[in-house]
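Each chain carries a letter (A, B and C) given by its place in the written order, and its residues are counted from 1.
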Amino acid sequence: MGIRDSFGWALGAAAAGAIAVASPALAEDSVTFASWGGSLQEAQRKALMNPAEEALGITIREDTTNGIADVRAQVLANAVKWDITEQGSNTCVILKSEGRIEPLDYSVIDTTGVNPAVVDSHWIGVLYYSTVIGWNTDKFGDDGPQTWADFWDVEKFPGARAMYAKPYYNLEAALMADGVPMDQVYDVLSTDEGLDRAFAKLEEIKPHVAVWWRSGAQSAQLIKDGEVDMISIWNGRISSAIDDGASAALTFNQGVMDFDCLVVPKGAPNKQLAMKVINEFLKADNQANLPQYITYGPTNEAAFDTGKISPEVADAVNSSPQNAKNQLVLKSDFYIGKIDELQERFDEMIQE
Amino acid sequence: MSETQLSLPISVRGITKSYGRFKALDDVSLEVASGEFITLLGPSGSGKTTLLMVLAGFSRPDCGSVRFGDEEVIRMPPHKRGVGMVFQNYALFPHMNVFNNVAYPLKLRGVGSADIAQRVERALNLVQLGAFMERRVDQLSGGQRQRVALARAIVFEPRILLMDEPLSALDKKLREQMQIEIKHLHEQLGMTTVYVTHDQREALTMSDRVAVINDGRFMQLDAPKQLYERPRSQFVADFIGESSFLPVEVERNEARLNGTPLRLAEQPSAGGHQLLVVRPEKLEVLTNGSGGDLNCLTGTVKELVYQGESFLFYVSLDGGAEIAVRSPSRREALAVVPERGQPIRLGLHPEDTILVPAQS
Amino acid sequence: MTAIPRETPVPVSAGTNADGLAEDARRERWQMFGLCSPALLLVGLVVFIPVGWLFWLSFFDAQGALTFENYERMWGSRSYIRTFQTTFEISFIVTGACVLMGYPLAYMLSQLPQRAAGICMIFVILPFWTSLLVRTYAWLVLLQRQGLINTWMIDLGIIDEPLRLVHNFTGTVIGMVHILLPFLVLPLFAAMKSIDRDYLKAASNLGASPTRAFWQVFFPLSLPGLFAGVVLVFVLCLGFYVTPALLGGGKTIMWAMRIETSVNLYANWGAASALGVVLLIVTLGLLYVLNKAFRLDKIMAGPR
């Protein structure tokens, strides 16, 4: 979720710096894992960390990350204190290209059952998350917008909208709203005309977007407080909001699926042990634990065969076969090398 | 400034001003003649400044009347009263230079700029600061600020000028020099002036009349000489000049000090217990046989102090009281100064034999 | 002189001990300087070195090669220019609103009796005890579509549709004004308190109505405090991050938010550093111009 939760990076970076100075190299029988905090990390503690600690007889220390800047700061300062950190797929690709992460040791990490699309020499997917359409059930009942075309249709679905303040997911959604079939989205987006088309479509919805949200917490608050009537939002966030009593619903239809991956920052203190822990995190049996606590899906597809995931749970999980088939898988490669230009163009568009 | 500047009489009647249960002014009345220089003299907290603030309009009394000429001004806001005022700390505007400070009241009155320049220059020349027009206030000495404040207060030719201890921040020499200057200025311009001070010498030096004020009430209102020579209360006699007080019994128009009758220039005003006011410089050291027509006091010299222009010695009277005696250090007076421990006879002229009622 | 001194003093010439006394004076100056040195060292360490490093970094690209690309990026982009405009626009409006609200407030406080002023002052300072984030979120609760203000106004029948009070320029300005108001009020209040009331009495005595006395005497004398507050608020505005990020709805992008974006977007610190350098230079430049225009140094020194 490296691209997701950048809000508060400064605090995180400062904290990382302080910890890097303060803590000496940790003992061999422990590793430090930095995830995104909040309900996700709580779920990961129970689903992944506890079983891994038990299996390896080690201690997993926790920290939280605010994204790519943290990893860069640690590696640049030569003060790496995280052995493993979870980052968004784009971040992982960028970190690899910048040479800031270690290659993974696949003699230790068993990839059986893991979708080959999320396995790379330097990173490996650990969970799927989706950007989905959510709506306020007080306003639309169960008949909220089911497609991006609906989301764009201000006559049929009047009301305030909220979208992510970055180009990711939005460009894809815009093209789908403009009638591009799901499997052709990246083909169209890769051309200049296609990109212009996506931005033009975003211009169209812009006057109706009350908030371009910048953090996951903010997006959940917007739907919970009824500040907007519909929203493009990460499925875990809206599920948690609904569990907390928010009058909201979501559809996985035309959702944009992306994944978080595990990386080992260059110069991590306990590299060898980190590989073993990653191996544990990816075991089908452990991966099957995650949907019990949070609706993010396992990357090890064998998890669905363990019998741990009930049909009801599978219905709520974004990467379950029945949900995954209706979604677009985000293509990180598309963004590599041009995210700065895209972000600038996007910012120019949304600025008042 | 025209030669014949208008001035107005001030009539204060029945002014009372209280702060909670404390009465700063207690039914005060005062008539100031047109062109008169009157000084309000009193210790701090006596109410003199409060009365001045009532005249200026900064303090709202509980009741009473203030008239400038024929006009009742008691409910008139300060900016409409048209009186000039010099503040204790001068209150010169720090963001304006000397010229602009003095020009300010004229600008407020819509005077044309050529006229302003002329009048400001005249006012500053009058206080001998013609060369300082472009100076900033913080570049002036205390005495110069005082003069600027004075110029600012008179430049618009007010018919009444109020001054609130204007010289208290200056050193002694400068203060005495300014006293004379202000007096001359008043003679030249002739506006009715009410001056507040706690310095009795300043009050006596400058004023046509002095109002001694204490506890919110006038104790005595008289010309300086009258005030000093004929105090009508122990407070006034004590506050103005140095005095010793000796108890006197008055019976059937005759006053007796320790049983000895006193020669008096005036009939005593009342009977019973009174006090004899003895000013140190009014006593004469008597040699054998002299002073037949004077009231005579006898005693012993206790202490002798040489003070340059005079000798001061303390005498323990035969009746038991102790008084101070001042004798000038002139050669012939020096001859009769006794030594410590010697008996002494002192004479007091009947004209200087003043009785005041004993305070209850 | 007829008296003969019992001891003959040592004859002294004009320059006796001059060198020694000068030496003492010099040593005293160095000792004074020595006392300041921990503070100077600290300022050097925490201000000049990091800022210098920031400046240095801004001239390098991801590969560590010398480059101006971090600066060139800004000139070319409409988005950066827009951000720059927004930042200044917000800073001007917030500062202006703070002056309009803070001046009467400070004036009222300065005229109140000591005790009452002290109590009111606590209310002014109270927000400082709460975190910036909490206060910003509190505004969200008040201003949002189903927030208190809109709910009340709809219930009272004043409006039919909720007003867009937050997640835009308006919300950002409201939030920032609230947070920055004390920074204007405090120096202004101090300046007003130090104005001798006799100045106003004098003005009034010389014939100025209360209105004229205020504008011609009190107001000019309060300007040092006002300028101190204005400069403080304005400079703080330029670097504001949390409030616009939370209340701006993503549409109001200020300079500090752009720095945050750059840190995440680019592989090296250069991009973000360049933004910081530009903000620093523009702020210093602005202070210089204001100083020249209003003689701030004189005003700041205050009346003596």
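Everything that follows uses one rule, which is that contacts are C-beta pairs under 8 Å (C-beta built on N, C-alpha and C of every residue); 3 or more make two chains touch, one makes a residue touch a chain.
Please read these numbers as outputs of a predicted model, since none were measured by experiment.
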Centroid-based (C-alpha) most distant chain relative to chain A: B
Geometric centre: closest chain by C-alpha means: C
Distance between chain centroids, defined by C-alpha means - chain B, chain C (Å): 53
Separation of mean Cα positions, chain C and chain A [Å, integer]: 39
Whole-Å gap between the CA centroids of chain A and chain B: 90
Complex contact set, residues of chain C against chain A: 62, 77-80, 82-83, 86, 140, 144-147, 164, 167-169, 241, 245-246, 249-253, 258, 260-261, 263-267, 269
Of all residues in chain C, those that touch chain B in their complex: 196, 198-199, 201-210, 212-213, 216-217, 220-221, 303-304
Touch list for chain B against partner chain C, complex: 56-58, 77-85, 87-89, 91-95, 104-105, 108-109, 138, 152, 156
Chain C partner contacts - residues on chain A that touch it in the complex: 3, 6-7, 9-10, 13, 67-69, 72, 76, 94, 98, 160, 165, 210-214, 218, 221, 225-228, 339-340, 343-345, 347-348, 350-352
